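Okay, got some structures for you below.
Consider the two complexes below, in which subunit A is the common component and subunit B and subunit C are the respective partners.
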Partner chain A sequence: MREIGKQEIEDIAVGAALLGTGGGGDPYIGKLMALQAIEEHGPVTVLDLDEVPDDALVVPSSMMGAPTVMLEKIPSGEEAIEAFQKLEEYLGKKIYATFPIEAGGVNSMLPFALAARLGLPVIDADGMGRAFPELQMVTFYLDGISATPAVIADEKGNTAVLSTIDNVWTERIARAATIQMGGSVMNAMYSMTGKNLKESGIRNILKLEEEIGRTIRLAKANNVNAIQEVLKTVGGFELFRGKVTDINRKTETGFARGVATFEGVGEYKNETLQLRFQNEHLLAQTEKRLLCVTPDLIAVLDAETGLPITTEGIRYGSRCVVIGIPCHPKWRTEKGIETVGPKYFGYDVDYIPVEELVHKEVTK
Partner chain B sequence: MREIGKQEIEDIAVGAALLGTGGGGDPYIGKLMALQAIEEHGPVTVLDLDEVPDDALVVPSSMMGAPTVMLEKIPSGEEAIEAFQKLEEYLGKKIYATFPIEAGGVNSMLPFALAARLGLPVIDADGMGRAFPELQMVTFYLDGISATPAVIADEKGNTAVLSTIDNVWTERIARAATIQMGGSVMNAMYSMTGKNLKESGIRNILKLEEEIGRTIRLAKANNVNAIQEVLKTVGGFELFRGKVTDINRKTETGFARGVATFEGVGEYKNETLQLRFQNEHLLAQTEKRLLCVTPDLIAVLDAETGLPITTEGIRYGSRCVVIGIPCHPKWRTEKGIETVGPKYFGYDVDYIPVEELVHKEVTK
Partner chain C sequence: MGTYRIGIDVGGTHTDAVLLDENNKVISETKSSTTEDVATGIYKAMNEIITSAKVSREDIHYAMLGTTHCTNAIVERKGLNKIAVVRIGAPATLAVKPLIGVPEELRETLGKYVYLVRGGHEFDGREIVSLDEEHLYKIAEEVKGKVDSIAVTSVFSPVSRDHEERARDIFKEVLGEAVAISLSSEIGSVGLLERENATILNASVVNVAKTAADGFINALKDEGIEANVFFGQNDGTLMSVEYAVRYPIFTVACGPTNSLRGASYLGDLSDAIVVDVGGTTSDVGVLINSFPRESSLEVEIGGARTNFRMPDLISIGLGGGTIVRIQENGDFTIGPDSVGYRLPEKAMIFGGDTLTTTDVAVALGKIELGDSSKVAHLDKELLNSVYLKIVELVEEAIDKMKTSADPIPVILVGGGSILLPTELKGASKVIRPEHSGVANAIGSAISQVSGQIEKIYLLDEIGREKALESAKSEAKAEAINAGADPNSLVIVDIEDVPLAYLPGNATRVRVKAAGELDRKVENAVG
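For the complex of A and B:
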């Protein structure tokens, strides 16, 4: 058990944005919401997963929708409270604690904003260890935990409680409702027991996020290379260095889809990187080489500061380092690859772990 | 209180299809579902509105979606039961009786199918006195009765319980969910008290439907003109006689939209009628004259048998009589016209009561 104040929030936001691999919403907005709630209600208690009773009712607080929409329609926080209250009413049971569903700019922060307002603790675990665009893309789905009863709530006061035959149906119906409700909603879904979360969640995600954020923050003061330090912290690999020469994105059916092109610099001078994203960065390849593919993580960092850049933040001319990070082993199972592998997103490549792709390059 | 058996169902189905003004789904499918349920579970008790206790919980059973979809995806009846059970669970109260939300091929029959299976009575009242395509288009909406909590259920086992700030939002969100759920769902919405229904419902709709059906059935045996008899029964007007020369329909955003063209015969020989529909017939006009416009009722009858023809049933070459029927006075209020008048459906004409339009023609 530990307390999370403003500095920890700043660091966690940076780490979550990095693990969010370009998606998961604007880190700045999520951070502001969490900071404001902590300012008003005091610090938030974070529980280690082992501190949570097995029979406790725990529920992630998250939003659903296109990050590009959320920039114009910031949740007030009331929607999240309404979603939780509606779920408690429906289940006839009090929620013991909340936790992030994923690592990402907004969904890492929203549990803190809600927890501060409701006086709930936040559990140090999530359901992805990264960010993904659809709501069945969680380790809980791989482990057979139902997303329903799933509550979605908009800022106008509309709510829906979904009960579906599986989590893919939750995604379909909730996504269609979300688009009607203005493009983004707050969720209270994947309610589970403490025991479920211990078995299926990804542990210590907040500690990792905080460490990433602190590493980047302190790199300059310590006169070390931020990106090299980050790679050590996350166990990742440098994939490419380059300058953004083209960025093509559009919001369709509730997703920010597109491709960014980077012209190589230094040792990558004769190559061009294409980075494909659907909210998150999903596939990085050059003319010659596949560099990294979902579910492994692809993060774009500012070449100078080491700070992560979201898909919306990629600008023409930016100098970036693209890094790859092995995903959690749960994603490398058959069901994991089926759920979030390249084929699911429409890319005609096989999943190869990033460490093998990197090794291939080295031996070439 | 009276009992409804198979003959009554046959007659009510015909009358409902006529008042359904081309929409409300295939009368044949609705009838089959009701007949089968009565065959299995026995006749259904129909209550006059005044027989319902003021504090009873009463809920219409209806389906939502494009009739053209429903032809391929016939509800099993389980969805309707599930929707009712979900609503009872949510409200923590037993449902006393059901009733039709509208007059139309399917939604007039579904309450009988459900009532037979659950042993509930059906109340002789509805919320339109005709059919309309959107779920805020009920007298209950005009009288401020909420559609929510609104349950929708599909045949796969997916459900959603909506709570919305107004009934237009219920329509938007439920419609989007319906399209995802395969294009049609069963509803349990507009739950209300017996007192609400007495104040806001349209009384004796089943008696009127049954009388229309019986009139058409007996016309031949009695050697009378079916259409003239129907006009007397409903207080309507002959608008046009003609032959279908063109029919243009498509299903989009969950609605069957289109226009049918009739070439006049007899006294209408030099005119062409255009009949515009969005699930229901909404506007009838010739080159020279506006004949009838929503919310007044426009029904297309087979010139020979007097049987009503749905928009899906309109065929090239069919000889038809188009009739107009004044709508219930509730629809002629300012809020009524705003909710279901021609402007709402995108037609740039003012609402003029059918009896005035008919009179105009006579005096021209």
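For the complex of A and C:
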């Protein structure tokens, strides 16, 4: 058990942006929500997964919809509370603690805003170990945990309880309702027991995020190379160094798809990297080599500061280092690859672990 | 009888002024020190160019001012308006209150009267809830006599400005015309906090802008000049005095913009990289279609995050006064500190004791300035490696701004640009045009008039073509409103960005139109 204050929130936000692999939306709003809630209600208690009783009811708190909408129509803070209360009412049981559904963008911060207000603890675990765009793309789904009963809530006071036949239907219905509710809602989905989370969740994600954030923050003061330090922290590999020379975005079926092209510098001179993304960075390849592919993580870092860059933030002329990080082993199973592998996103390549692609040993 | 225009650029160190004829030929120019009160420096510079030009005062029809008045006021928290902050959006948005995330002392100064009112819109233009007009009337009564400027920001006002306009009407009704009202929909784009911050900053410098405008107009009158007065804005176009006083925040980055635009004119190039070398720093920017490329990142002003369009610049700590330090073992450092405006007393070639980049260039015979014998004793080989490093710093900055490896023309401007060679890596050619020392004042004088709009369209409903057409005609109407000649209008920028995760193909469209000053305005004056 430990306490999370404002500095920890700042660090976790940076770490979450990195593990968010370019997607999940700008964590800025979520961070401000968490900071305001902590300022008004005090620090948040974080529990190690082992501290959670097996029979406890635990529920992640997250948003659904367009991050751009949330940047404009910021939540009231009541939506998440209403969603939790409605779910407690429906299940007839008190919620013991909350946790982040994913390690990325705004969703990594929202549990803290809610926890500070309700005095709930946050569990150090999540359902992705990174960020993904769709509801069923969680390790809980791989283990057959249902997203429903689920509640979505808007700032106007509307709530909807969803009880669906599977997670794909949850996604469909929730998305349709989200549009009517104004494009961005808070939800309480994937309620489960402490035991479920111990079996299916990804542990110590907040610790990792905080360590990444702190490493980058202190790198300059300690006069060390931020990116090398980050690679050690996450057990990742440098894939490429270069300058963004082209960025091509288009929207298909509601997702920001696109390709960013990097021209190599230093040892990568005369090579060109293409980075394909759909909200998240999903595939990195040069003319000759595949370097990293989903579900392994691909993060783009500012070459100077080591700070992560989102897909929206990639711009012409940016000097970047692209890194690859092995994903959680749960994603490397047959069902994992089927759910979030390259084929699911429409890329005609087979999944090969990043460490094999770069011929390196996994160090972590 | 000719038609002349005055261009003035007030920077942190220098106040530059130029007088141009109707063909934009430079008749006279001056560079003088910026004074503490800013106004005195303007009077002095203006007087100098008019006196030395020997043109009839009646023939000066335009006066354009680019100024850092508002920027300084915000940074120094000086002379700011007493403001009220009104956000329309409750019950949404309460999780992040206004001014969270801005520096504490700015929050204290500007956050005395903060109100959250029920209202605002959804992304598709529906009301979240209806506007709480009663609350607005109550707020108006409460702030009466206590504030002289109000910032109003409503959720999704870039999609529908109804609630902001209604709020303005209510405040005007209760408080009269004396209280300035800033509406966020007229200032920024989607992104509530950034737009709200920009609107708050705008509301806080209304008086500063008014004082600057009055000062400038009075200075002109004292000189016996009856000219049409314009202010330069961030995007390199002009706005009328009335507009500048309502939207002073649009002037905060006009300095670098003016120098880029001036470089474009002087170098006769519409697409190039511009290196503006000052005394302390060099700014490197990019010209696209004669306008500065804008930054896609959030911009902080006085520590507050805003979402203005600002010129995309890299600033490096290298100028004519940058201090060069050489150690016993031959290692050296360049800057980042500088002797700045004290170059004429501090530099070795002027009899001072500090080795500057200018001294290095003189010692190597790159330029002729001051007394070169004072640096003749220095180790040439070592200075050569210092000089190579200086050039390398600039080349690196240029390369960072490029979008491809193709060589691109580079224009050098600014007082310190004499330091740099006429060949640079990555440049197809290097131009150092005449009058390059006052490129910023020239940029101010030759600016066009523009109009810009930014809106969200649902492309599934109206189609991309129609959306773009509608945006274009609105932008043109804005430009004509601002004083542009309808016949000279061109669309200078179109950007459409799809919004992720939303159906209906919701897309943010931004269009800018720009044109020459309307001759009718000129006739009316001349």
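As a convention for this text, the second predicted complex is superposed on the first by the 352 of 364 C-alpha atoms of A that agree within 3 Å, B and C clash if a C-alpha of one lies under 4 Å from a C-alpha of the other, contacts with A are read in each partner's own complex, and residues count from 1 in each chain.
As a working rule, a contact is a pair of C-beta atoms (placed from the backbone, for glycine too) under 8 Å apart; a residue touches a chain by one contact, two chains touch by 3 or more.
Please read all numbers here as calculations on a predicted model, not as lab measurements.
**Student:** Who does A:Ile352 touch here: subunit B (first), subunit C (second), both, or neither?
**Tutor:** neither
**Student:** Based on the superposed arrangement, let me know which partner A:Ile337 touches: subunit B (first), subunit C (second), both, or neither?
**Tutor:** A:Ile337: touches no partner chain.
**Student:** Just subunit B (first), just subunit C (second), both, or neither: which does A:Ala303 touch?
**Tutor:** neither
**Student:** Under the stated touch criterion, which partner chain does A:Leu91 make contact with: subunit B (first), subunit C (second), both, or neither?
**Tutor:** neither
**Student:** Looking at the overlay, what does A:Leu57 touch: subunit B (first), subunit C (second), both, or neither?
**Tutor:** Neither partner.
**Student:** Looking only at contacts as defined up top, I'd like to know whether subunit B or subunit C touches more of subunit A.
**Tutor:** Here the partner covering more residues of subunit A is C.
**Student:** Let me test your reading of the model: by the given contact rule, A:Ile179 touches which partner, first (subunit B), second (subunit C), both or neither?
**Tutor:** In the superposed model, A:Ile179 contacts both subunit B and subunit C.
**Student:** According to the stated criteria, A:Thr159 is in contact with first (subunit B), second (subunit C), both, or neither; which is it?
**Tutor:** The first partner, subunit B, only.
**Student:** By the touch definition above, which subunit A residues appear in both interfaces, subunit B in one complex and subunit C in the other?
**Tutor:** The answer is residues 156-157, 179 of subunit A.
**Student:** Looking at the complex, which residues from subunit C come into contact with subunit A?
**Tutor:** Touch list, subunit C to subunit A: 89-97, 100-101, 120, 122-124, 126, 128-129, 155-156, 190-193, 296-297, 400-405, 497-507.
**Student:** Write out the stretch or stretches of subunit B touching subunit A in their complex.
**Tutor:** 86, 90, 156-165, 169, 172-173, 175-177, 179-181
**Student:** Taking the touch rule as given, give the residues of subunit A at its contact with subunit C in the complex, in rising order.
**Tutor:** 29, 32-33, 35-37, 65-69, 71-78, 113, 133, 155-157, 179, 182-183, 243, 245, 249-251, 254-256, 263, 279, 313, 315-317, 319
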